[in-house]
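Please read the structure below before turning to the comments.
Going in written order, the chains are labelled A, B, C, D, E and F, and every chain counts its residues from 1.
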Amino acid sequence: MRIDQRKVNNLRPIKITTNYVSHPEGSVLIEVGETKVICNASIEDRVPPFMRNQGKGWITAEYAMLPRATAQRNIRESSKGKVSGRTMEIQRLIGRALRSVVDLDKIGERTVWVDCDVIQADGGTRTASITGAFIAVVLAFDKLLEKRTIGKMPVTDFLAATSVGVLADGTEILDLNYEEDSKAHVDMNIVMTGAGEFVEIQGTGEEATFTNNQLQKMLQLADEGMQQIFNIQKETIGSLADRIGETVKQGETK
Amino acid sequence: MRIDQRKVNNLRPIKITTNYVSHPEGSVLIEVGETKVICNASIEDRVPPFMRNQGKGWITAEYAMLPRATAQRNIRESSKGKVSGRTMEIQRLIGRALRSVVDLDKIGERTVWVDCDVIQADGGTRTASITGAFIAVVLAFDKLLEKRTIGKMPVTDFLAATSVGVLADGTEILDLNYEEDSKAHVDMNIVMTGAGEFVEIQGTGEEATFTNNQLQKMLQLADEGMQQIFNIQKETIGSLADRIGETVKQGETK
Amino acid sequence: MRIDQRKVNNLRPIKITTNYVSHPEGSVLIEVGETKVICNASIEDRVPPFMRNQGKGWITAEYAMLPRATAQRNIRESSKGKVSGRTMEIQRLIGRALRSVVDLDKIGERTVWVDCDVIQADGGTRTASITGAFIAVVLAFDKLLEKRTIGKMPVTDFLAATSVGVLADGTEILDLNYEEDSKAHVDMNIVMTGAGEFVEIQGTGEEATFTNNQLQKMLQLADEGMQQIFNIQKETIGSLADRIGETVKQGETK
Amino acid sequence: MRIDQRKVNNLRPIKITTNYVSHPEGSVLIEVGETKVICNASIEDRVPPFMRNQGKGWITAEYAMLPRATAQRNIRESSKGKVSGRTMEIQRLIGRALRSVVDLDKIGERTVWVDCDVIQADGGTRTASITGAFIAVVLAFDKLLEKRTIGKMPVTDFLAATSVGVLADGTEILDLNYEEDSKAHVDMNIVMTGAGEFVEIQGTGEEATFTNNQLQKMLQLADEGMQQIFNIQKETIGSLADRIGETVKQGETK
Amino acid sequence: MRIDQRKVNNLRPIKITTNYVSHPEGSVLIEVGETKVICNASIEDRVPPFMRNQGKGWITAEYAMLPRATAQRNIRESSKGKVSGRTMEIQRLIGRALRSVVDLDKIGERTVWVDCDVIQADGGTRTASITGAFIAVVLAFDKLLEKRTIGKMPVTDFLAATSVGVLADGTEILDLNYEEDSKAHVDMNIVMTGAGEFVEIQGTGEEATFTNNQLQKMLQLADEGMQQIFNIQKETIGSLADRIGETVKQGETK
Amino acid sequence: MRIDQRKVNNLRPIKITTNYVSHPEGSVLIEVGETKVICNASIEDRVPPFMRNQGKGWITAEYAMLPRATAQRNIRESSKGKVSGRTMEIQRLIGRALRSVVDLDKIGERTVWVDCDVIQADGGTRTASITGAFIAVVLAFDKLLEKRTIGKMPVTDFLAATSVGVLADGTEILDLNYEEDSKAHVDMNIVMTGAGEFVEIQGTGEEATFTNNQLQKMLQLADEGMQQIFNIQKETIGSLADRIGETVKQGETK
């Protein structure tokens, strides 16, 4: 039994509210237990300089926390005048993950800006951001489909993320909250597609190590959790779910 | 009749949700029409260097918008590496306003950090921030009262803010939304205490001017609106309202 | 009687030296009592990106203090690597004020850069900057008129600024020096046109409040002072004064 | 056969020159094929503020490239005034990895600064940095042992890193050079201890995905490569190798 | 005959106005031809961290230009958020030069901040800054003498600076104005003591070179000019001139 | 006899390794005693904005030290977010010096980026940088000659630099190492062409002064040393030496 009475293979309750903010093309509030993240997807009709004149699009992500999303207030990065290494790592991860399931060749010279703003944090903010941002991006593309700006849903598969870890006593667990995360010997974030393939595995033993056997057990837990998350995502977007995968990336077969 | 069917002296609907985020000592979500701001008040047990060893406290405010709080996405100030002039003006204003109704001598060497984060903007974000932040601060002091860290509520009076303006056709109006604000010839923000005194008047004719007569009409509209806002604030905090004013600042009489 | 023997409705002596620095199109040294500000207006033959291809011009202001303009030396903002909130507020105010009396449609795609550099400070540096910058801008436009770059003086009216305030004993006073300003309960900056209309009212009760009655008395004092300042401005520019107002902004009548 | 004639499970030649720079406590030049990194370890007799008064030490890493370490010249991060997200990710990784095999409780309140400066880059600069930095750190601690500042070698095990990946044709390969890296569908960096446990696994499918089966093949290749690297490290430090592991971290058993 | 009718060995007219700004301990406006610099010396009762607890003082200089000191407006360094290489070179030069004639052991743990702000530039701003700053520093120390904070004038000798150069036709000239400076093949700044010794020689052939013979001729011209500048400095400070040199640095003889 | 047993007119041993790094068009490692600097020259096919459409090229230099090039570790300038005054002075010096012997009219609209990265410092890093960078630039131009991008070697003469100084006992010495440099009363850097003309003289008496007689003795020592350095440069580049000077700058005669 875990601190919050969950079993080792239990996720925390997940709730996704769509159209949370009115201006963005796609907007959700995702709640994973006590962690709450606003994920907004904005479409801009141009690409960054290094992508110009290639006839394809780009997806980029930014991540931030409200100063008091955490138990102790954090100084704003705008006040410090620079973005921390942790923030940069997370926003690079979110962007990479989303690009893995979007056919950038099908969206024209457009940039999708994904903003993940954590309003309340209790562990797993980066994985909640990916799971929520996926829905925001689908909603934003749906706007383009409605306006017939693009002809097909360019999203090739579902995408979600969760964490697994190893506690001090050697137990492998799924979906760590803040207290578990701060005590765990190993922390691993996994991003996966609906087809069950890995997009990203980031496993870290901060001042500790882990064996291949432990790795396999963690991957198994992640796989279980991920199926439940994909189901929640499908329910959230309803009939739009059928359009995921109508585009297949060049040279790729499912 | 105005764009959104209001009369010239009508406020937009105001809704204040308390304890919106769990970590801060005081937290509210304030909605003024389509404008939505999370106001968090955090208590820190020390003061900035310039205030040390004076036995009194300090209140400081920070203000930000989510990038997609607006119709067009804005670049994050953390990415730009600096805070804009507009942001600085607003956060200085919020801090000054709150300090005018708090007896800093009664809170010990503590800093109240007020974070106003706009998640959706439709005009009047700075005045909504002040109205909401006032409640967040009262809730935070209530926590200190409960823990008997302080003995009396240090808030000397209610505090709220609204905007008034003059349209191109010369009509004075109350509580401008974004569309009205962007077309108005004169825009005035007013911060007032429950006793009906001014804390701040900031009237600006961007590429326009206004007469003393127009000023008086605007002040009258503001006064009407303010009474309604004070009533909403009172309902929001219930019996806590009775403790506002139990402290009177040195040399001040009501 | 005030600290410096003035009556409550007395301005400090004002002296405006034109062509103080040789390079700028318009240049004045304005002295208001012990406050001394160099105001330079420079004409640049292009506008900022957000103004391009609209066939109109722009006026922007920058404000700074020499490190030892004050009793205590201040760290240079260039050394700190960022401009303070106070500086930004002031330069935004100066720019807005000047734009209110210039018909930007008549100056072509040009930017007027106004630099207000305080070389000695004794209170009222922002209002002295506005009063002086107005003259510098008129002189700069006169250069354009001489070169026949523009056909009419695009300045629609005189513009000046002063401060009023309320002392701890409740007395309303005009044109506060540094010592008065640091002790006053209420401080209000007023920018007015030659026609007696307001461009900007910024009244602040730092840790204090003020009534509508006090507001009216302050506005009355400001009005008295402003008439004297306009006279000094008229003497300073001599026959050029007759050209002020030869342009009337679209949709405006005096 | 690969571009450079290696088999899929071949490492590039590795050469480690010790005492490359004279000032640092530990210094090596590591060459992995055409990739060359100077790794310097410096001992500072204090810890960062967040670590003070805990009686233990800290290891932190910084990573940079000479502007012309690459085929195209890069702008210096000092000129840009900020460190890129990629640099931050890498230096956080190097620091975490080294801390996993050092018993920070045994080095007193000291900081080990590890500087990895890439003078020539051909893929795998972060993994070469870790492999080289490990030796630099061991050499630096040896200096402290010689001076009897510490009594035991605080390094609990060997540590090295390498990369594996999946080419477009589905082949799994070991130790990618730049050309392979830029074309690979999957890129995975692995940090491992001498005991064969993982410290870090970072696998990324940029715009691609990978299966668990592919993951297992990559881990197998990494394991083969790592044994060869540990042998090179052992030869490099000679008899010092016997002292690795004389300290065991609290609560850890090998 | 030169552009402005001077002979090759003629200085431009020099005028030094003392007590130009009221707040600083020492303040002068120095005019060298059309070049005008405000030099303020401020005394702070502490030294920078690297100088603490050595019982001696420090002199540091900052240099800036008003944006419109030049024919084209320059962007403020505070707006750019960083100080240019040219500015840094100049302020390091001014600080070094002043420290060479002040016995820092005699001023206690104090810092003299020297601010040189160019309000109008026509070549030679750095040399005018040094010549003027010397007087400002002497006046500031005189304040300390009057208050008996220090017992002896700590200035060991006079100090002044000027420029020499070689024109395209090979002519050596003294005290270059802006137009001459921008065309000269060689530009040399010389800082000298009243005893005729060099403190600094900085000779530069931008895209050109010079011979030892030309160097000697330039040094001769500088020497002639310097004697005149020392005379002007002496007249400026009157009887205070007698106190220069009453302190001799340790190990130094005149 | 000096600390390291050299006579007053002895240089330290100089070693120049060409093609040290593989990517740059020109690359050398220069060792002057214990000082080691990597000098890389990169050719970019465009010029900075202020040089465009003039049909000529530009040379610019950047200089940095590895954090542990010195006895005490220095904080990276990229971490500090700004480049120090010392660094800026040095890189401006290197760029100016190189431009003095290159006919920029003959290289087309190209920029030569010279990167001098000190990997080990023992005094004289800026002079070693110039001496080494000269060779790197010649090698880079040789690449352009081989590719027939340019027709003639645009380098008009050899270029080298060294330091001279005056010790506390009044002895003039050549080529100061770190220990001598930190104790010297006078430090002078001299940049000279193969024809024996000066490009730059920078002599500084930090808290000290020097006479014209001492200046002459230092110049004599520098001249002796420079002849030896030119010989080493000639040996390093072999037959390429014959092409130096095949271009003569407009209006220049040797």
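Criterion: a contact is a pair of C-beta atoms (placed from the backbone, for glycine too) under 8 Å apart; a residue touches a chain by one contact, two chains touch by 3 or more.
Every value quoted in this text rests on a predicted model; they were computed, and no experiment measured them.
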item: For chain D and chain E, chains touching each; value: F
item: Furthest chain, CA centroid comparison against chain D; value: C
item: Rounded Å distance, chain B centre to chain C centre (Cα mean); value: 28
item: Chain C and chain F: spacing of chain centres that average the CA atoms, whole Å; value: 52
item: Cα-centroid distance, chain B relative to chain F, in whole angstrom; value: 61
item: Multi-partner residues of chain B (at least 2 other chains); value: 81-83
item: Going from chain C towards chain E, every chain in order around the ring; value: C, E, F, D, A, B
item: Chain B residues touching chain C - in the complex, by the definition given at the top; value: 82-86, 88-89, 91-92, 96, 99-100, 104, 168, 188, 193, 195-212, 215, 219, 249, 251
item: Footprint of chain A on chain B - complex, ascending; value: 21-24, 27, 34, 38, 40, 42, 44, 62, 64, 66-71, 73, 76-83, 87, 113, 115, 117, 119-120
